[in-house]
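You will see chain A twice below: alongside chain B first, and alongside chain C after that.
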Partner chain A sequence: MFGMEFYVDPSRCIGCQSCLQACEECETHRGYSMIQFDFVDRRESTATAAYVCWHCDDPTCAQVCPADAIKKYDDGIVGSSLKPRCIACSNCVLACPFGIPKLMAPQEQMMKCDMCYDRTSAGKRPMCATVCPSQALAYVRPEQIARDRREKPVNTFYFGNQKITTKVFMMTPADEDSVSIDVADYTWENADALVRQTQ
Partner chain B sequence: MRWFGRPNKKPLWQDEFSVFTADERYVSRRQLTKFLTLTSFSMFVGNAWILLRAWLHKSPSYTARPVGKADEIAVGSATTFQYPGPDSPCILVRTGADSYAAYSQVCTHLSCAVYYSPERNRLECPCHNGAFSVADGSVLQGPPQRPLPRVVIERQGETLVALRVESGGQV
Partner chain C sequence: MAKLPAPVADLIAQYGPHLNYAPPGGWQDESQHPAQQLVKTHCCFCGQQCGIQLKVRDNQVIGFEPWEEFPFNRGMLCPKGVKRYLQGSHPDRLLDPLIRGEKGFRKATWDEALGTTARRLREIQESYGPDAVAVYGGASLTTEKSYLLGKFARVALGTRHIDYNGRLCMVSAGVAYKLAFGVDRAPNPWSDIPKAQVLLIAGANIAECAPITTDYVWRCRDNGGKIILIDPRFTPVARNADLYLPVRPGTDVALFMGMLHVILRDSLEDREFIQAHTTGFEQVAESVRSWDPRKTAELTGVPPDAIERAARMFGEADRAIALHARGIEHHSKGVENCLALINLALATGNFGREGAGCMMITGQGNGQGGREHGQKCDQLPGQRSIHDPEARRHVAGVWGILPEEIPQAGYTAVEIMEAIHRGEIKALISACFNPLVSLPDSNFTREALEKLDFFAVTDFFLSETAQFADVVLAGSLQEEEEGATCSTEGRVIHIAKAVDPPGNARTDSWIYCELARRLGKEKFFPYSCPHEIFDELREASRGGIADYYGITYEKIDRQLGVFWPCPSLEHPGTPRLFEGGRFFHPDGKAHFITAAYRESGDPVDDSFPIYLTTGRVVSQYLSGTQTRRIGALVDQYPEPRVEIHPRLAGALGIRQDDWVVIKTRRSEITLQAMVVRTIRPDTVFIPYHWPHDRSANRLTHRTLDPRSKIPEFKVSACSLRKAAGPPDWAHSLVQIGHRGNGGAR
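For the complex of A and B:
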C-alpha cells in the first residue's frame, strides 16, 4: 500500500514493548494489543521477538473460518474478524501456522493484527512501526530496506509441507530464500525425550 | 458436457464465500437500498405515466362505414365483417327481423375468434369455452373477464352501417 511494506526483524528487537503499548492505543481495539511478543528462550537469554500478523497470500485462518468472518482485502491485508460474523469458535486460532489470531473471551470474538488498516489504508504507518525504536518492526519502502539492511527480506515460509507466502517480510540472513520451521522440533514430546536422555 | 459443470474446481461454498473481498459476490446493504430506491422510483414513474395517459386519453373517432345489406343474412344467423380497420374482425348477428347485434370477434380472454351459436343463442369462443351474450356482449361463462366490444349498427335503408365501437365496459 502506497509503496510501503512491512518488515519484521526479531534480531533487532530490544524488548522495550513499545509496540504493545502503541497497539493498545488504537481506537478500534483500545486496551488490547494485537502484537505477538515472545521471550525466545527466557532461561538462557534476554532475547525477545515482536511480530505482527504476516498477512498470508492465502490465509489459512480465513480458509477455516466457518462464518466467513475473516476477509483478505484487495490490498493484501487480512482483516481482523468481523464482529457481526465471528462466532468465537477458535478455528482460526488453531489453524494459523504462525499462532497469530487471539480469541478474546470477553468480547467472544477473535481479534488479530490488521496492520492498522484504518491508518495504512490512508497512507499512514502502523502504530507499532511508528514507535519501534530499533525498527525491528519497520514499515518502509523496499528500496530503503535494501539500502539500510544487510539481511534479506523473505516472505516464504515452510511449515513441514505447507508453503506459505505472506505480505509481511521476515528479515533473514542474506543466503536464505525461505524460512523453514518444523513444528515438531518445538513439541513437548521432544523436550521430554531430552530430559529423559539426560537423566 | 464440460460446459454444463462449473468451470471452477473449487467447492461451491468456497466459490460463494470467498476469502478475498475482491471475489465476493455479496449484495451490500447500500446496493440493496439503491436497488429498492431505484425500483420503487421507477414504479412510481410508471404509475404516474399510466395515470397521465389515462387523463389525457381521448376516445378514438370512428367513421361510419357500410358493412352489408340488411337482408343479406337470415334471422338467427351471423356473418363477419371488418371494422374499424381491416385488421379488426367483427361478427354481425341478425337477432330478429329488424334487430342486429355486432361485436368484435376477438375474444377478450386470449384473442381467439368467437362464433355465433344459434342453438344456444350466444357467442362462443372455442378455445377455452368462453361465452358471451348476444344481447349486450357480457360474459356468460368461461375465463374471459371483460365483455366483447360492441359495434353500433344502424340500418339505413337496405344498408347496415357500422357507426362506432363501444368498449365492453367494466367487468
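For the complex of A and C:
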C-alpha cells in the first residue's frame, strides 16, 4: 500500500500469537505461518517478540542464493523463493542475519514473509499487522508513527562488520536501559521469608 | 440417574474434543472455490466482541477477513478470533438431537427429544413442584436467547430457579456498580482509555483475557499516561507499567483502602465533587483511617512506599481510570474489592468526564447483555429488580401474564448445583454452560450431576457436562442465528446470521419455543425470528435501567453499535454515563459504601501454606468447550501447567517440567511445573480451561461472596510436592509441539 511502512515494536508485544495464527490464513501460503515468534526467556520474563521479514535493501538471502531464486521487487519487498528455481539448499536460511527464511520440507522450497504481497498489492494491510492486538506489528504511515509513538524507528542494523539497512523498522526504547522483572524484588517482605512461611 | 452412559474415553472418541486445524475442503480449497459472501459480524468469544467478517461458501464458514471499519477493534483480533471460524465445520459438531441409551448416546428425532424433555419436566414438576426444575443459561448466548431463556423459565416452566454462568464471571462488579451508581455497566467508552493520565489496572490480565484492550492501554502510554498494575503475577502488560504492585491474593480491598488513606491524608481528594455528587463519604473516610501504608503493606505484601506512590499518582491526576476484571471480583469479598476501588475513583472525582472513570472489563462474550434481560435469578428485562412491584407489573404486561405469576428470585448458579446435590432440585435444563469445568469444587459438581432425575442440555458440542445429559438438544453456534449482544463498553451490536445450523441442528430460539409449545405455553412464545424477540425485549426493557427501546438492528448497523440507555428511536445512545455528575440512584448521587477486609474462605495454614490462584490463557476460552477443539489454539498452550516462582520451586526441589502434585482441602491434581520469576513466591497459578484430572476447579472451593454469590476462584490454600512421575492423563496425550508455554520447556 502506497505510503505505508511496517514497524516492529517488541515492547508492545503481549505474546498472544495472533500474528502467527493469522499469517497462515494468507492466500499465498495457506496453512503455513511465516511469523517468527519467541518467548525471550519465559523463566525470567513475560517478554515476547514477533517478527516479520525485515526486507533488506541489499538482501543477504538473495546474495547467497546459488539459483538466483530470491528477488527483490521494485517496491522493496523481498519475496519468497521462486518455486521453479529454488533448489532447497538452505544457503539463505543459514546466511540471513535475522534468521528469517524457512525451508518448507514438503514443498522443498524456501518460504518467508513477503509482507502479504497478495494483500498489500490490493490495497489491504498485511494480515499480521491488521490483527495484532497490541500493534507491536504495525503497518501505518511514517508520520503517524512519528506523531503517536514514544519509541524511535530504526532501520540500520550491525552484525559484526556487516551493516544492513531494511525496509521494515524496529522501534527502539526511548529511555529505560533495563527492566527488572522478578516479582520477589517488588514484594515488601524478604523473599526468603515468604518462601519459609510456606514450608 | 444421570451417571455417564459410557466410559469417558469412549465418549471422547466419538464426540471429541478432536482437533480441527484446517478450513472445510482443506487449506488449498479456497483458491479453487472462493468465498461467495463476506458477513460482517462479531467474534463469538470474549466481552470485547470484536468486529470480524466471516467468509461464507455453500452454507459453511470457511475463513475470516478483518473488519477494519468497526471502531472498537479496527481489524484487530486475538488468536481465538482468528481461529473461531473452525467451529461450524468441526467434525465434533452435534448434528442431531441425542438421547442417552444403554451404551452411550443414540440419535433421535426432534419430536422424540423435545417430547421426552417436555414430558419428563412436567412429571417432575407435578411430583415435586415447579421449583424442582432449574434452568442454567450462558453468557455466550445472544441477548435475544438470554431474554427468551429467562421468559421460558418463568413463564413456560414457572420455576424461580434460573441463573447463568456470568455468576462465575463478573457479578461482583455488577453488584458493586449497582450499589454505588445504581447501574451495572462500565461508565466509559473504551475510547476514553487513551485519554487518561493515569491507568490503574487491578486484577486484569489484559494481554491474555482482553487482548484488544492492550492497544488502548499502549495508546494511553504513548500519550504520556502512567500505568499502575496490581496483580500477584507479572502479566505481559506489567512490563510497561510505571508502578507494579504484587498484591497478595485476597488482599486487594486492603490495598485500595490503604491508597485511599494516603489520598485523604495528603488531601488529594476532590472535595467539590464529593460534596456535590456523592453520599456516604464520611463513613468511608473513617473506615480507611487505620489503613496506613505500614499496616496495608503487612497484609498485602506491597511495600509502603509503592502504596504511597500509587496513591499519589492516582490522586494527583486530573483524569484517572481504574480498570478491573476477575482478579478482584472472584473473591468471597469480591463486591467489597470493587466497592473499595470505586471509592478511590469517587474520592478523586473521576467520573462523568472523558478519560476519567472506573471500568469493569467484561469477561464473557455477552456477559453484559446476557445479564441485562432476564437470565439472572434476581433480574427482569431492562436490568430491573425482580423484587420491584412496578418492574413486575411492567414485564408481566409485556408478557401477557399477571405480575404474581412471575416467580420470585431463585438460587444463583452455585446454589442451584448445591440444591441439586441435596436433592431439592431434581431436573436441570442447561444452555451453553459447562459447570463440570467452570464451577468450583468439580468433584462436588460431578456428584450433583449424577443425582439429577432428568438433565437436558442445549449445546453445539458435547461438553464434559453434556456427557451427563439424558437428552442433548443440538443447538446453534453464534453465527447461525441473528441477534444482538452488548460489548464490554455497553455498546449493543448486531450479530449477523452467516449460515444455517448444519444437519438436523436447530437454532436455540426454535428449540425453546418448541419446548414451550410442548409445555402448553405456545401463546407466550409466538416468535418466528429473533427480530421479533428483540422487539419484545425492547418493550420489556423500556423505562428500565438498561433501556433498549430506542435500539433497532438497523440503527446498530448504521451507527456501528448503540450504547444503552437509549430510550427513544431518536436518541443516539449513551457512550459515557454520569456526565454532569448525575448517577442512576433516585437521589442522583453516587454512594460511597464501606468495605472491610476479611480472610479468604479457604485460608492458608501449616498444611496448606501456599496461595493458589486460577485464571485464563490467551488461546483458550472459558471451559474450553469450543477452543479445546481448535488445533492451532490447543498447540499454543496444550495442557495446564502450574506457574511457580524459582525460589519456591527451589525450596521444594522442583525443577522446570517436573510433575507436581497440587493439593487443596478438596482434592489434588498433578501438573507439570512452569518455573517463572513472574509470580509471587508464595503463590502458584493454574489456568482453568481443562476437565477432569487436570482441572483447576477440582482444587477450588465453594465459598461465595455474600452479596454477589460469586465463587472465590482467585484464592485457595494449597500444598505442593514433587510427584513420583507423570499422572495417568499424561500417558494418553498425543505430544504436540509446545510452541506456547513460553519455550520455558
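Just so it is clear, the second predicted complex is superposed on the first by the 172 of 199 C-alpha atoms of A that agree within 3 Å, B and C clash if a C-alpha of one lies under 4 Å from a C-alpha of the other, contacts with A are read in each partner's own complex, and residues count from 1 in each chain.
Basically, contacts are C-beta pairs under 8 Å (C-beta built on N, C-alpha and C of every residue); 3 or more make two chains touch, one makes a residue touch a chain.
Worth saying up front: this structure is predicted, and the values here are computed from it rather than measured.
*Asks:* Look at A:108 in the shared chain and tell me whether it touches chain B only, chain C only, both, or neither; answer first, second, both or neither.
*Replies:* A:108 contacts neither chain B nor chain C.
*Asks:* Touching A:118, do we find chain B (first), chain C (second), both, or neither?
*Replies:* Once the two structures are laid over each other on A, A:118 reaches no partner at all.
*Asks:* If we overlay the two complexes on their shared chain A, which of chain B and chain C does A:74 touch? Say first, second, both or neither.
*Replies:* first
*Asks:* Quick one: chain B or chain C, who's touching more of chain A?
*Replies:* Counting residues of chain A touched by each partner, the higher count goes to C.
*Asks:* Just checking: does A:149 make contact with chain B only, chain C only, both, or neither of them? Give me first, second, both or neither.
*Replies:* Touch partner of A:149: chain C, not chain B.
*Asks:* So in the superposed three-chain picture, is A:59 touching just chain B, just chain C, both, or none of them (first/second/both/neither)?
*Replies:* first
*Asks:* In their complex, what parts of chain C are in touch with chain A?
*Replies:* These residues of chain C touch chain A: 22, 27-28, 30-31, 63-64, 66, 68, 73, 75-79, 81-83, 207-208, 211-212, 214-215, 218-219, 221-222, 232-240, 244-246, 297-298, 301-304, 306, 604, 609-610, 618-619, 632-633, 636, 645-648, 651, 656, 674-682, 739-744.
*Asks:* Given the complex with chain A, which residues does chain B contribute to the contact?
*Replies:* 17, 19-22, 24
*Asks:* Name, in rising order, each residue of chain A that touches chain B in their complex.
*Replies:* 58-59, 62-63, 68, 70-74
*Asks:* Which residues of chain A touch chain C once you look at their complex with the stated criterion?
*Replies:* Residues of chain A touching chain C: 11-18, 20-22, 24-25, 27, 30-31, 37-39, 42-48, 125, 127, 130-135, 148-150, 179, 181-184, 186-189, 191-192, 194-199.
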